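In the two assemblies presented below, chain A is common to both, partnered first by chain B and then by chain C.
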Partner chain A sequence: MFDYTFQWKQVLARLPKMLDGAMVTMEVAVLSMLIGIVLAIVLTVMRRSGSRPLAAFATTWVEVARNTPALFQIYMAHFGIASFGIHFSPFTSLLIGITFNNAGYLAENFRGALKAIPETQTRAGRSLGMTSSQSFRFIILPQMLRIAFLPMTNQMVWAILMTSLGVTVGMNTDLYGVTQDLNALTFRTFELFAIAGVIFYIITKVITLGARLAAARLFRY
Partner chain B sequence: MIEIQNVRKSFGQLEVLKGIDLNVAKGEVVTVIGGSGSGKSTLLTCINGLEPIDSGKIIVDGTEVHAKSTDLNKLRQKIGIVFQQWNAFPHLTVLENVTLAPRKVLGMSKADAEAIAEKQLKHVGLGDKLSTHPTRLSGGQQQRMAIARALAMSPDYMLFDEVTSALDPQLVGEVLETLKMLAEEGMTMILVTHEMSFARDVSDRVAFFHQGIMAEIGAPEQIFGDPQHEETQKFLASVR
Partner chain C sequence: MFDTTLSLTDVIFLAKGAGITILVTAISVVIGTVLGILFGIIRVQLGAVLAAPLTFFLDIFRSVPLLIQLVLANAFMGMVLQLQLSGFFVACMVLSLYTAAYCAEIVRGGIDAVPKTTRRAARSLGMSWGQDMRHIVLPLATRVALPSWIGLALGVMKDSALVYVVQVTELLKSTQILITRLQEPLFLLLICGAFYFIISFPLARFGGYLEKRWSND
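On to the complex of A and B.
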């Protein structure tokens, strides 16, 4: 009933390829976070702007990002947009999909973080002659990013894990894509995906621990 | 000179200022006393335009605060205000708290702003706390930092809104000392306070507010020694 023979050696020989894939995974995740944070700040400003169309746009973004599957978002970025004659590479589509998702979730994190900052902080800035945009940039934003720091690392972990959805749009250079291709070549399914799983685990664990350490050092006030 | 002319202000149904008239000359120290809800604090936030008014005028050095054409950010540079809650910026050090506005608003270089900030922080007795984060300071120290932060903008006027009310009793003295020092240096100030003996000491004039009206104003000796208005008498009797 159980006649699968483990062949780790054969699979471990492919480890360098998988590690190359892990680098691509990191690349997509890091890029999607960096752009995602910038977009989330823009969405946050739009929601606070008092302009109805801008706020509605931002809210729609956040709603779609948080209430539809990430797979749907990546699909739309690749096949959906392709219907209009715009064709992105799997890498770009995956990046767009995850970035869209990140920005939505992060904007919501930022909203929560803003609630933790007293209104009087803005007032103090304004009373020193700052414009409302100066108060936001120099007083509110830095505090917001600090409060949202740990939720942001959570989203970073999600971004890493979401890269595995890239295979559905033909991505084959990231960790999951490489593993899938190797599986098609070798049929060492269990071994390959077990190793991929361990690599994913190590990457996310290192990010989480690194972030905790960084937070403890940076935000001691 | 600050000229307040027949200022009215409501929050919804509640009229908190019912026609206030008050002129404060350069170098003058005016304290405003009165029960809670008498409109004292609201008046201060109207003077630097943080709150709009419904009617009347507030004119600071010839500029009408609530006129549409007034650049409030510019105007606020010469009117410092310190609140009951000091609102330290927690992500910045004490020095950075004080240099932020001079650098970003006045466009000062880092070195210039730091020189001014250090001078002001030493002035309020925080010369040894420059690189500390404000969360590590006591309430009294944070409040003095907030005063230095406002002074670093070299304002012509300072408004103090119950700046000792949120402090532990043993910390009140150090902040009052700082205020007294400023008064003696000739800073034009309007203070809202519940510290009666302090008001008597530092003020040129004391105004008593009651339910949105300035019931009485006069020299401290007169207000505390021989109050004319019935409500002033009642109030002073209750706080003594």
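On to the complex of A and C.
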């Protein structure tokens, strides 16, 4: 039954290549997260703005991002937008897809976080002479980011996992893409993907633990 | 844009893909939920230290990309164990465990949300552990867990788009096959996206409504 011999040595020799891939994976995830947070804040402000078209736009974004597969969103960024004559590189398509997804989920998290901040705080800010944008920026926003810190960590992990979908649009520099290419060369499917899985596991654990430590330090009061 | 070459056969092809998506999701959610409830209860009963191996095992499914889980399971079953399994079987197996990992977390959260004092009260009234679980914990935990569970089931439906990697032609893969042939990516992708959206959106709203209605305040 077990006439399969594991060849870890041969595969481990390719580890440096895979670690380079892991760096690209991190790069995509971090970029998509940073842009995603900014966009999510913009979407949150749009939904609160009281302007119907703006709120409708933001709500549509959030609902589409949350109710369709991430893979669909990446396809849309790559093949869908291409029908308008705009062709993105796999890296850009992947980044757009994940960022779109991140922004949608984060905006929903932010909305939940805002519910926990009493409306009276904005009014207190206003009566102290702050403009409404000042009271949002200096009073509401920091608290919102703080309350949404844990969901943001989860989203970061999701972003890391989602980078593996880039392979479907031809990305071959990220961890999954590199592994796929090595697999085509060596056919050690199980060993290669097992190692890729371990690298992904370590990355997500480091992020979760790092975020927990950061939270303990940032939110002492 | 609506001047399309999409024929009836193609629509049936897409519908078949949609059927596979729903079938894979349904099977995985049912098996995953049963396993998840089991794992969740075991974790709560054993406590953090004794349940550590189980926690670690389940954590893997939440920390490694689903795509890799599918490829690994397929390679393990096919190349290492030399079993001739269909891609459909492997897809359902991996997705079930994936669902179970998240479901166990939800179940644990639900059980933890039942106040300890309430359960002690039940036990001191002479209820057995099983009675306490059935009549006290189950109804109270469901209120907390059901909205998240709806979210999980929808998440699994969206993630089932990845089973193409084990040669299962679900909705998104069928769409892609048609795109290659018809060269109308935007139109076809919009149909495919609309399908996911139409199923997911009302259920997600319903989950949100339940969450609001059942929240204790």
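Keep in mind that, in the parts below, the second predicted complex is superposed on the first by the 221 of 221 C-alpha atoms of A that agree within 3 Å, B and C clash if a C-alpha of one lies under 4 Å from a C-alpha of the other, contacts with A are read in each partner's own complex, and residues count from 1 in each chain.
To be clear about the criterion, contacts are C-beta pairs under 8 Å (C-beta built on N, C-alpha and C of every residue); 3 or more make two chains touch, one makes a residue touch a chain.
Because the structure is a prediction, the values reported are computed rather than measured.
A.B. asks: After the overlay on chain A, what do you see for chain B versus chain C, clash or fit?
C.D. replies: Once chain A is superposed (C-alpha atoms), there is room for both chain B and chain C without a clash.
A.B. asks: Regarding the shared-chain residue A:L209, is it in contact with chain B (first), chain C (second), both, or neither?
C.D. replies: neither
A.B. asks: Is A:S127 contacted by the first partner chain B, the second partner chain C, both or neither?
C.D. replies: The answer is first: A:S127 touches chain B but not chain C.
A.B. asks: Name the chain, either chain B or chain C, that contacts more residues of chain A.
C.D. replies: With both complexes superposed on chain A, more residues of chain A are touched by C.
A.B. asks: Is A:P118 contacted by the first partner chain B, the second partner chain C, both or neither?
C.D. replies: first
A.B. asks: Touch test for A:P142: chain B only (first), chain C only (second), both, or neither?
C.D. replies: first
A.B. asks: For A:A70, select first, second, both or neither according to whether it touches chain B, chain C, the two together, or no partner.
C.D. replies: In the superposed model, A:A70 contacts chain C only, not chain B.
A.B. asks: Which value, in Å, gives the least CA distance between chain B and chain C in the superposed three-chain arrangement?
C.D. replies: Minimum over all C-alpha pairs: 21 Å.
A.B. asks: Touching chain A in the complex: which residues of chain B?
C.D. replies: Spelled out, the residues of chain B in touch with chain A are 48, 50, 73-74, 76-77, 80-81, 83, 85, 87, 89-91, 100-101, 104-105, 133-136, 146, 149-150, 153.
A.B. asks: Touching residues of chain A toward chain C in the complex: what are they?
C.D. replies: Against chain C, chain A makes touches at 1-4, 63-64, 66-72, 75-76, 79-80, 82-84, 157, 161-165, 167, 176, 189-190, 193-194, 196-197, 200-201, 204-205.
A.B. asks: Where on chain C does chain A make contact in their complex?
C.D. replies: Chain C reaches chain A through residues 60, 63-69, 71-72, 75-76, 79-82, 154, 158-159, 161-162, 172, 176, 179, 184-186, 189-190, 192-193, 196-197, 200-201, 204.
A.B. asks: Enumerate the contact residues on chain A facing chain B in the complex.
C.D. replies: 118, 120-121, 123-131, 134, 138-139, 142-143, 146, 220-221
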